[in-house]
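In the two complexes below, chain A is the common chain; its partner is chain B in one and chain C in the other.
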Partner chain A sequence: MASENIATPSATTALRRGLVLPLLLLVAWEIGSHSGLVNPQFLPPLEKVAGVAWQEVANGELPHALAASLKRDLLGFALGAGVGILVGLLLGLSSIADRIFTTWFNGLKQIALLAWIPLISLWFGFDEAAKIVFIALAASIPVILNTVEGVRSTSTKLREVGEVFRFSGPQLVWSLYLPAATPSVLTGLHLGLIYAWLATIGAEYFMAAGPGIGGLIISGRERFEMALVMLGIVVVGLVGFAVDRSASWIEHRLVRWRQA
Partner chain B sequence: MSDAVIETALSTRRAFAARGWREWSGTMMLLALITRAKATAWLLIVPAVTLPIWIIGSERGWLAEQILPRPADVLHTLNEMLASGELAQHAGISLLRVLLGFAVGAGAGLALGAAMGLSRRVDDHVRPLFTAIAQVPALAWIPLAMLLLGIGETLKIVVIAKAAFVPVAMNTSAGIANVPRALVEVGETFRFSPLQMLRHVVLPGAVPPIFTGLRYGLTHAWIALVSVELLASSEGLGYLLVWGRQMFWLDTVLVAMIVIGIIGFASDKLLAAVEARLQRWRTDGV
Partner chain C sequence: MSRAAERAIRAETPNADQAAARGRLEVRGVSKAFTVNGAPIAALNDVSLTVRPGEFVALLGPSGCGKSTLLRLIAGLDRDYKGCIVQDGEAVTSTSLERGIVFQEPRLFPWATVRQNIALGLKNAPISEADKRAAVAAHIALVGLDGFAEAYPHQLSGGMAQRAAIARGLVNRPRLLLLDEPFGALDALTRARLQTELQRIWAHEKITMILVTHDVDEAVFLGDRVVVLAPRPGRISRIFDVPAARPRARSDDDLVRLRNEVLRTLEHDSAADPQLSPGSRRDA
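Presenting the complex of A and B:
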């Protein structure tokens, strides 16, 4: 272990090594589906998946579904993040609210997220509203947790400055606690974005009304169109990756700006 | 408030000083008990406000029974399902699935994570594919797995195993790769064999992060179980949720949610306690 770690191979070696397995896998996939070793219904050839992808893009189905999913995702996230920051501020700043609610919140948090879907669909139906409520719920949990943590870790020195300036309550929150908690809140928002995307897929699986990537995958499964299911999964992964990366980038920039 | 408690404690200590240690520790226990009772009193505010509203609201029919059943109905359903053994049966099936899936996924994750952490070559080869697979959540894999594996028990085990596999492999490889250089050098000075190095240097340093991975793995496995049971199952707690939803039996849905929450809470607390012990052992030992 030790000797191997000392001699760090160059980036190109890592890249070359990293390509081996995926390429082998793709070759095996092609051979498997063309030779008839594997039922092509289970493993459609790559060009078929690419063909389906092209067709779905060309007839506007995929962009339409993707746009619907992203809109839902962002609406739910915005709602959940807004509520989450408010609740987080309340629990973090008021010791009374903390004593009354925190334990209950921690208990509710333990219910696996998707277990909320049947209840939410009973209360809100299968429409857009139900999906957005579920996504908001998913996004709010990490935002609340991290906002509370950020507010609580505000240093006593800062608090003393606030006292010296005789800040009013809202002034204290706006110009002291919120800026001090920003890095932690941003972490919460970042996690909230990841949760919201997962919840979007979940909501679309179980409340399968209206267009969306999740609905696309479910309909592919129902019609036994493996290529469509695979396409959907790739899109889910790519969007998740893009959301995560852009959130990291924004977080990094905002925190750097604060430190400058 | 805590200042006041300390102040009281100090004055009682002064008062009891003459009577010796036994009384003093008894007083401390009493004070701790009072603090506990106060915390509980604060906690009871939420049910004290919501329960009457819920009871009155459902008695007067503000909301339809399918929207919010009476608390007594929920309790009744809970009791009935407990007495008939139905709840235990569904919970047992779910627990068994999680344990099996977790064992498979965590085992594979430990093996791959260890290989990635110990060897740069393995890490380079596997990392991109692993990241790609990890990027897609277990939930999104379910429809694909359903086409390949059907909706039997294999499907559940595979989906749960995938959910547990990713965090275990990630934390194991990071934990092993991040064992402090200084410790490895000490081992080299002692001319440890690779096996000795693994046993005396790498593993002790990597146990806490590996355990963190196992803890995340179990949490993810539990979430995956609920997802897969919601989508494709005819028994288990997730199925109970779907079934209650279809029949518009909100009391059944609520009971299933409560049980899912309690199991999640208990397993998280248990693992957190074990993890705290492990961390303490590390700070003491190293």
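Presenting the complex of A and C:
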């Protein structure tokens, strides 16, 4: 309780300080596009971006695109997180699986994510399935790494308690390894959410079929509507920020037992 | 503890009288070596000891005498040794629900409440869920943690956490309870209070208990016998009977006399220890 009271004022101060730079940039943007210093075709004034935003919301394009992107993002994340936790548990718990797969996995994760797109689109086409597989792949990597780490760092002392009470394999996983790894798994899921959103936009750029925020930005570029491009970028940033914040909040709630 | 809680414990353990008749432990010719930097170091050398059902044995010795190692072997946590350990006619080959252990640290699961932690001891007990709940509640009362059932380990003091660990060790009614310096990390006042409580629980439950300690007063106060171990290699140096009647008072003249005698044995052992003798000290 006390720590929250101390944290609150400093958090607002931090927020106020954090807003200074973006506000200055917006002012510079506005001055730049109005004064003719910058070609307004490349940097449309803010009110124009706002106008496009209003128009896109009113005609339903933006909500439609946002819903499509979020759906894709969450489906891909759910798939990647589920597979990631299972693979992470397997690699963390089984020394045989660890010996067989870990080197292989460490090699694979060095490959830049975007490099998978040609392969995935050859295997799965340019449709929804390909995008979701790509997002799942992006989300699964941090989940796997952090789950393995969490399982491996389970204290030997607590493992002995499980041994004394004759825990079976499933009991060890459910009552010891998973709860012990929870903080680490949540960190992985948190990172996975961020990666999934980045991958969603990436997938929409490179496999541009169907509605989505990425598609909206691409079509803005094709029609040379900078205001639409700007709007898309702002929405991507806001969603990313919201995803990160909600993940932190959930993480904090779920590992309350950790607070000393 | 309330009468109702006592009844709940009794109802929970219809075989309490049988348990009293069992819990016999035999340690025969046990030797154990650790490998340090490639060289074997003898931790225990030919230790033999028989513990009677319902007896309270204190294993006493300075650090490095192998007393905790011996306890881990008895628990079945370490199976790499020579010799043989038998409980109630069955060789110890792994851990067993017949042998409970309370470690030096509470080792509670930090994500689970006191109630859930104590219930861990019953996870594989062949009784109904309702009986498990009753047994857990009764043991929370037994160790005096009423009102803290839903508390998390980080909310407990060291003494309370160790009480929860004792309840967890007792809750599935092992025939033998092993205690590895359970009060070592506690302040003197809490330690004395928990020793008195342990004595009460032992008298009430009639479970065989083996307590590892380096505290002479604790060993003499709680033990029916005090087994003094000497270090390098760990071996039994002398066994003292503690005939004092129970419940005991710490100031009892016989206990104090015995305590001094045990202390003399410990001092004599350390004088004979090549690593601690004056000659080697001068070298160091």
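Following the convention adopted for this analysis, the second predicted complex is superposed on the first by the 224 of 260 C-alpha atoms of A that agree within 3 Å, B and C clash if a C-alpha of one lies under 4 Å from a C-alpha of the other, contacts with A are read in each partner's own complex, and residues count from 1 in each chain.
Please note the rule applied: contacts are C-beta pairs under 8 Å (C-beta built on N, C-alpha and C of every residue); 3 or more make two chains touch, one makes a residue touch a chain.
All figures in this text were calculated on a predicted structure; none of them were measured in a lab.
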{"item": "Partner, of chain C and chain B, that touches more residues belonging to chain A", "value": "B"}
{"item": "Contacts of A:Gln171 with chain B and chain C, given as first, second, both or neither", "value": "second"}
{"item": "Partner chain(s) touched by A:Thr182 [first = chain B, second = chain C, both, neither]", "value": "second"}
{"item": "Touching partner for A:Val161 - first (chain B), second (chain C), both, neither", "value": "second"}
{"item": "Partner chain(s) touched by A:Arg221 [first = chain B, second = chain C, both, neither]", "value": "first"}
{"item": "Chain B versus chain C as contact partner of A:Ala11, first or second or both or neither", "value": "neither"}
{"item": "Shared chain A contacts, counted only where both chain B and chain C touch the same residue", "value": "none"}
{"item": "Residue ranges of chain A in contact with chain C within the complex", "value": "157-158, 160-161, 163-168, 171, 175-176, 179-180, 182, 255, 257-260"}
{"item": "Chain A partner contacts - residues on chain B that touch it in the complex", "value": "39, 42-43, 45-46, 66-67, 118-121, 124-129, 132, 135-137, 139-144, 146-148, 176-177, 184, 187-188, 194, 197-198, 202, 222-223, 225-227, 230-231, 238, 241-242, 244-245, 248, 250, 253-254, 256-257, 260-262, 264-265, 268"}
{"item": "Residue numbers on chain C that touch chain A, as the complex places them", "value": "75, 77, 95-97, 99-101, 103, 105, 107, 109-112, 120-121, 123-124, 152-154, 172"}
{"item": "Residues on chain A engaged by chain B in the complex (per definition of touch)", "value": "1-2, 4-5, 8-9, 13-14, 17-22, 25, 42, 99-101, 103-104, 107-108, 110-119, 121-123, 198, 201-202, 205-206, 217-218, 220-221, 224, 226, 229-230, 232-233, 236-237, 240-241"}
